[in-house]
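Chain nomenclature is as follows: A, B and C, assigned in order of appearance, with residue numbering initiated at 1 for each chain independently.
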Amino acid sequence: MTVDLQAYPGPLGETVASLPLVDHHVHGALRASVDRPTFESMISEGPKAPSAGTQFDSQIGFAIRRWCAPLLDLDPHASADDYWERRCALGEDEVNRRLLRAAGTANYLIETGYLGDAVLTPAEHAEVAAADAREVVRLETVAEGLLQRVASGRAFVADYPSVLAEATRSAVGTKSIIAYRAGFDVDPGRPSDDDVAAAAERLLRSLGDEIRLDDPVLLRYLLWCGVDRGLPLQLHSGYGDPDLDLHRANPLLLMPWLRQVESTAVPVMLLHNYPYHREAGYLAQMFDNVYFDIGLGLNYAGSQSPQLIAESLEVAPFTKQLYSSDAWGPSELHFLGSLLWRRGMSRIVGMWVRDGDWSRGDAERVLRLVGHQNAERVYRL
Amino acid sequence: MTVDLQAYPGPLGETVASLPLVDHHVHGALRASVDRPTFESMISEGPKAPSAGTQFDSQIGFAIRRWCAPLLDLDPHASADDYWERRCALGEDEVNRRLLRAAGTANYLIETGYLGDAVLTPAEHAEVAAADAREVVRLETVAEGLLQRVASGRAFVADYPSVLAEATRSAVGTKSIIAYRAGFDVDPGRPSDDDVAAAAERLLRSLGDEIRLDDPVLLRYLLWCGVDRGLPLQLHSGYGDPDLDLHRANPLLLMPWLRQVESTAVPVMLLHNYPYHREAGYLAQMFDNVYFDIGLGLNYAGSQSPQLIAESLEVAPFTKQLYSSDAWGPSELHFLGSLLWRRGMSRIVGMWVRDGDWSRGDAERVLRLVGHQNAERVYRL
Amino acid sequence: MTVDLQAYPGPLGETVASLPLVDHHVHGALRASVDRPTFESMISEGPKAPSAGTQFDSQIGFAIRRWCAPLLDLDPHASADDYWERRCALGEDEVNRRLLRAAGTANYLIETGYLGDAVLTPAEHAEVAAADAREVVRLETVAEGLLQRVASGRAFVADYPSVLAEATRSAVGTKSIIAYRAGFDVDPGRPSDDDVAAAAERLLRSLGDEIRLDDPVLLRYLLWCGVDRGLPLQLHSGYGDPDLDLHRANPLLLMPWLRQVESTAVPVMLLHNYPYHREAGYLAQMFDNVYFDIGLGLNYAGSQSPQLIAESLEVAPFTKQLYSSDAWGPSELHFLGSLLWRRGMSRIVGMWVRDGDWSRGDAERVLRLVGHQNAERVYRL
């Protein structure tokens, strides 16, 4: 990793720069180059590139031009056109190699359930990044695969737990996207096998070529199977998908479910959370098994990300927050997640050290906890 | 315009001071002087002056005394009593002339539907301000006028579109206040003509001297007629009226309606939004035709407005945010909207330039986009 | 009080340090020493100490080690173990004496309804703190006591108002916890005596040894009896209890009730509010009789509390905000509430003075209003 100390001013700069991060929720880097409209759609959560202007006119676009350009041998703040031209000239393999290695991420916990063909596998990603990678399995993807094969709803209910066990044999965690398929304001209870079988049966009869699992009963069943599996269970929460009704992905709506799950001690990992990151921190204080991150939001907020970092350091214990980029595709996202987190932490926590609120030793310990130790402990890495 | 560079410290001071703003959502300045309790009620969204103390003991009151007092030949921070005495001595015309010209707003898009007799018409306002002015027409005001004249609910349905077309012949936009008449948690669909006619009929039968259009079916009908009209459609959102249940004016509740409207490409302009400005920025990233501002909140937050500005510069593309004061009445509000926006942008964006996150050229471009170019493009000025 | 000017940098340091605060919502200090797991559970709103790590690894833990340690003769940032050892050696009486006197709080308005046996009475607390103390009475505690004695639901309805009058004879306010027993999204109206009697009858028949009053009809009855009593009525709002569904304690949900209560002019005091403090400030602008504080959240946010203070100084008039610690038990909480409020105000408001937004005189006046004068006026101290 090239340590760019200029990026991390203040008393914690060196510590911040050398942290071997665990990116506990991330996807693979792009397998092959894409055209510019596709690239622009990948640096937004909107469904497509804007009809007017360019997606580079955003915080994330400015951050790419500021921080990624020098790694592609351009000046900081190179124009979007120059950046794009240079990126194409280097090719995806070289761009990935440069940006992923500059990220300084030691371990990627890669969720493989979203458009997996377009991105590198965990093993490929690890090699390009010169890092470790472990897998996180999306509950819905396993279920959609099984639905392609079973003959009846009842068979689905019977088979899903063992199929999930098999699919997660070497995984370190599972993930649910119930937030954007149904919302968190669902019945928190475990559905009956009969209800699940009936819902699966309905879905099987209506199947076209593509399966989209969005029945709340089925989604709740998967969630509880995830709890039974016992691995840390990641939940998409808040910002991050055009499908969702954002206010129904407010993690507070999970409280009735969290009260039922707490006794299992299965770690519940609330992902992203923006703009509900304060709410996520509150849940992390209230529930012994709840953890959270502010990934994704940091990338999109760019130069404004330090405030989000500050807001994530309010009421949650420091043992309950993790680092994540939630990058998918362009390796700019993997790199910026790391850079902006390091830069924001060095600014915010460095200010507290300078003002005498925190000791330097405490600050460095918190950087290690959030940067990698909490993830290592919870995921048993 | 008197450029007060002291108000805009930092590397962007001169650029900020000279921007010819387009105030895309605003009302006319006061036509005549009012008494002090009335004035105090006008610098709050509360329905009347406070029973204890003075409304000057607030951020907006402090901002008036700090920034408007020198324009009335007083020292900065003049007392409220001195300010009031001097204001009365100068008279409304002179106060308007001084404050509106100091605002440096080049073009006012004036919404004329609220208590229009008490304030200047767009033409009068433009003359006093030495600026341009265009009109934005409130959908509900046109409907209330028509309801005074039609004989039946069915006639209302039949006539409204053409009456609206006539009323907006020279307008640049329309506006809906469905947020505080019904809330955003309504059925998003276009109501049937039969349902609208029945609702209008009910209203016609219950009419007293004053019409208050608050039937959700009628409000939805107007909203869809606004979409049909094709002009940028402003929606009051979040903060700004004692009538509303604030949590029901959360713009996220519009998502089902926005999904239906997106294909029309009619620009949807989310106004104010405080304290849901992060949510509005999210919608502006997700939907190609959604724009937003943080007017009104800036005035009321005074010295704390830079944080609101920073929060408005998170996830939305810079092509999707506009400047607005939402001033109504006292020209202090028109002036402060401009001053606080310029001052906050110079502080926040200037800090990003100084810290190397943004280039100066990019920063100046964003100032122009939000300050006037986005409005000029969307409203075709 | 030992004035630690180092804690309050900037132009307002001396003024901030010497303010005789009124802590308008607080509970007594611990009566006797507890073991460490119990202590750790008391510096969190979670129901118990964490299963991994220590509750000292949090903002509040860091703040205790930074600011309380020197008052116990330790270095700033002393380790948690050293702090705990020293605290045990000094004993609760001495810890209370040192920390409460260092708080510089002149008057504690003590709510006595929660686990009263474990903490000092108002008179005892006042003596140890060398301060004044007055009582605030929890409506539900009075009702639960009465339910132990009455023979019928009808008797409960008949007797509660006079029992409340007696219980509040020397009190300065009442308090409702309807937020975490039922949520604010209840019918706002005053329930009929028949409905209340029936609900009380049901509760009486189901009584075990412990009474837990959580019937919405009964809670609403108490709330309206609180209004009738006429004293300032405190309402738990937002953050602060593991029982509650946080999103149902959003104070905006009170708007229908507030519209009914405003004409009584009974002061409604919204407590804590985090993360809905902006919403509380909005209500304080909209309703003449609504006041708010940001207690509790400041303690838990530690070094990040200045941002919360800044956010509390947005749209509400300065005559409508009060100081509170919401401390219960460990006197660290009483002390830190005061220290962090003073430190945050000196930083935020001091910055506005330095930047020329506010005059020093105005700033000092706001410090006095929020620090004690608003409480003195509203509670008639």
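Basically, a residue touches a chain if its C-beta (ideal position, glycine included) is under 8 Å from a C-beta of that chain, and two chains touch if they have at least 3 such contacts.
What you see is a predicted model; the values in this text were computed from it and never measured.
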**Prompt:** Taking touching chains as linked, do they make an open path (line), a single closed cycle (ring), a hub with spokes (star), an all-linked set (complete), or other?
**Reply:** complete
**Prompt:** Between copies subunit A and subunit C, what's the superposition rotation on C-alpha atoms, in steps of 5 degrees?
**Reply:** 120
**Item:** Euclidean distance of C-alpha centroids - subunit A vs subunit B, Å
**Value:** 37
**Item:** Per-residue overlap in subunit C, given as positions that touch at least 2 other chains
**Value:** 307
**Prompt:** For the complex, which residues does subunit B have touching subunit C?
**Reply:** 6, 44-48, 50-53, 55, 57-59, 62-63, 65-66, 76-77, 239, 242, 245-247, 274-275, 297, 300-304, 307-308
**Complete:** Within their complex, subunit B touches subunit A through residues 250, 252-253, 255-256, 265, 278-279, 282, 285-288, 307, 310-311, 313-319, 352, 355-359, 361-362, 365-366, 369, 377
